[in-house]
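Note that subunit A is present in both complexes that follow, paired respectively with subunit B and with subunit C.
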Partner chain A sequence: MVAKIVVVTSGKGGVGKTTSSAAIGTGFALRGLKTVIIDFDVGLRNLDLVMNCERRVVYDLINVINEEATLSQALIKDKRTDGLYILPASQTRDKDALTVEGVQRVLDELSGVFDIIVCDSPAGIEKGALTAMYFADEAIIVTNPEVSSVRDSDRILGILQSKTKRAAEGREPVKEHLLITRYSPERVKKGEMLSIQDIEEILAVPLLGVIPESKSVLKASNQGLPVILDSVSVAGQAYGDAVDRFLGQEVEHRFINPSRMAIFKRMFGGE
Partner chain B sequence: MSLLDYFRSRLRPTSAQAAKERLQIIVAHERGGNNDEPDYLPAMRKDILEVISRYIAIEQDQVNVHFDDSSDCSILELNIALPESPTRISTTPPVVATETSES
Partner chain C sequence: MTDTLAAKAAQLQERLLNKAGKKEANSPADNEETSFQLKATRLTLTQLELYDYDYDNFNRQMSKNLKQAPHFFNQTPVVITLDKIRNTDKKVDFIELTQMCQEYGVFPIAVRGGTEEMQLSALVAGLPALPNQGSSKSSNDDATDKAQESAAPKEEMRPSKIIHRPVRSGQQIYAQGCDLILLGPVSTGAEVLSDGNIHIYAPLRGRALAGIRGNKDTHIFCQQLEAELVSIAGHYKVSDDLQGTHWGQSIHARLDGQHLKISGLTS
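Here is the complex of A and B:
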């Protein structure tokens, strides 16, 4: 078995990579794929909090790379979702501890056991981000409808096309998916926010999903719950649709126009 | 969109439109071979601008340094748009040069 490696990346910080990695990784597992989510944000790990496993972290990715622990010691099995595992980042080391050879070894070993490996990239275009994307087969580019985020996404696309293993080996390029998060249909209608069409036109990457700005995201992360498990929330459902699209289904985009959002909120009280 | 909204948006470009236009320009600029640029190019661009402005009053955007890297040769293109009547800044040799020769 060879696992598919998916990097969740953005360039710009704080746009929703970790939220998306947790939600989409959980979505894969819910659909029966054996999934591991790796936190590449060495020094600033957060995935453990979003997944509610922060108190179960004993060993981390760097320990495994340095052979101070085995993979099975470091992997944390998710308590809510079957077939889902977390590999936390180190909180005490810095990104220099991430070596391409070390990461390659870890991924090779995981690849024999899992169907899909989700890499939660740190922000920036430095070593951590480059290592997180290096081995990727597919990339989810998380973008907010905002000028600096779109520009950074464009930078990241350039790097995906030139600095990954696939690029180095001249293989088929990394498959790119655009995920727009924190989208606000009302503000787009008022001309206050870049629209989906604007962003698609500039980045020219197929659209995987649009996650609306939603209070339930913070509420879920407060509780250590990947928001996809909040199936009443619009964000949770939008992530669910994105996962289905990733796996090849054709799903209509919901929650992208103001009137439907309003109706939905009135009917279900979801936010 | 109501008719009123439509005319309103025609009259006054929205901030989202401004965002889109600015993005299209900057992204096109940064894609334009920027990845193959040698690392020293931004610094060199700055130095060239500095040298020129010692002699002629010139705006930053009137100096265009472009690096073209094709398979068989690399071209460094320097394009300077001179102002209509170039104002000479000084006729004596620049101070900077004497300083560096002494130290």
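Here is the complex of A and C:
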């Protein structure tokens, strides 16, 4: 068995990579795929917070790379979702420990056990981000509807096509998916944010999903809950749709137009 | 629109075929519609065997030779041979060299030999490379000459560089010695360069530079102008100068003397 390696990346920081990795990884597991989410953000561990397993972290990715622990010691089994595992990042060690050879070994070993490996990339275009994307088969580019985020995503797309293992070996390029997060149809309407059409036109990448700006995201992450498990929230539902699309289903995009509620509020001077 | 284009192409082809058919009737020279014909010929030419190009040294030797043999320097066409160049890594400025020669009444018309790179920069200066043949004449000379004669009208075409994917911010694409054809968009922060023409069948949001080795007879075509910079042979316009009538439109950029001229593609 060879696992599919998916990197969640963005260039710009704080756009929702970790939120998306947790949600989409959980979504894969919910649909029966044996899934592991790896936190590549060495020094800024927070995937384990969103996944509510920070109190169970003993060993981390760097320990496994340095052969101070085995994979089975470092992998954390998620308590809520069957078939879902987390490989946490180290909070203390420095990024240089993250070597391509070391990561290769870890991925090879995981590949024999899992169906899908989700890599939560750190921000930036430095070594951490490059290592996280190096072995990717597919990439989810997380973008906020603003110029600087789109520009950074564009840059990351260029790097994905030139600096990954697939590029080095001249194999079929990394498959790209665009995930727009923190989308607010109302603000787009007012011209304060780029529209989906603007972003798609600039990046020219197939659209995987649009996750609306939603208070439920922060609420969920404070509770240590991947937001996809909050099936009432629009963000949770939008992540669910994105997972289905990733797995080949055709699902119509929802939550991309101003809601009736918002129009109603504006008409009567609410908010 | 494609239909009308295809129809036009078909019309044109038919006309060309008809002409070719008529040609048989009488001598091409008698046909008023025929303005020229390509024919093989053999000429004896003077060679300028180049060992090293340095502006001052070359200039000095030229003026010395002019004094010794003034009759030679009278609109004399020469072929510059490059096989004996001492340092092949050193760049020869063929534009400068040609200009200086012309000032002395010597007119370089082509180069022969040398590395592919040298031949390219010579070509940019308007000096095509002649097919290489041994400098010492041998007995099978006739055979090679014949082979050359039949091959003469065939021009060696350097294929264009074609890029299918978008060119992303931070990336640079250079088409050396050929045209550049882009099928995807050029992002803000990306740069595309060519010694020849550039065709972009998508939006241009980054920088596009054609004729970067000085060829002024190069053009840029793009489907949607939103560029940071457009340049031909070093004459450029930045985004601020480009805003206006043609912004967001399909355009054709070319040099009009020293002036970079932008016009719409759709009439």
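Quick notes on this structure:
Simple rule for what comes next: the second predicted complex is superposed on the first by the 258 of 271 C-alpha atoms of A that agree within 3 Å, B and C clash if a C-alpha of one lies under 4 Å from a C-alpha of the other, contacts with A are read in each partner's own complex, and residues count from 1 in each chain.
By definition in this document, a contact is a pair of C-beta atoms (placed from the backbone, for glycine too) under 8 Å apart; a residue touches a chain by one contact, two chains touch by 3 or more.
The structure displayed is predicted, hence computed values, not measured ones.
With both complexes brought onto subunit A, simultaneous placement of subunit B and subunit C is prevented by a clash. Once chain A of one complex is fitted onto chain A of the other, the partner contacts of A:232 are absent, as it touches neither subunit B nor subunit C.
Of the two partner chains placed by the overlay, subunit B and subunit C both lie in contact with A:158.
Set against each other, subunit B and subunit C differ in how many residues of subunit A they touch, and the higher count belongs to B. When both complexes are overlaid on chain A, the residue A:251 reaches neither subunit B nor subunit C.
Of the two partner chains, subunit B is the only one that A:191 touches; subunit C does not reach it.
In the superposition on chain A, contact is made by A:202 with both subunit B and subunit C. Once the two structures sit on top of each other via chain A, subunit B runs into subunit C at 187-195, and not at any other stretch of 7-15, 151-159, 187-195 or 241-249.
Within subunit A, the residues touching subunit B in one complex and subunit C in the other are 151, 154-155, 158, 162, 201-202.
If you check the complex, the residues on subunit B that touch subunit A are 9, 14-17, 19-20, 22-24, 26-27, 30-31, 35. Note for the complex: subunit C touches subunit A at residues 165-171, 184-185, 187-190, 203, 205. Residues of subunit A that touch subunit C in their complex: 151, 154-155, 157-159, 161-162, 173, 201-204.
Partner subunit B is touched in their complex by these residues of subunit A: 146-147, 150-151, 154-155, 158, 162, 188, 190-195, 198, 201-202.
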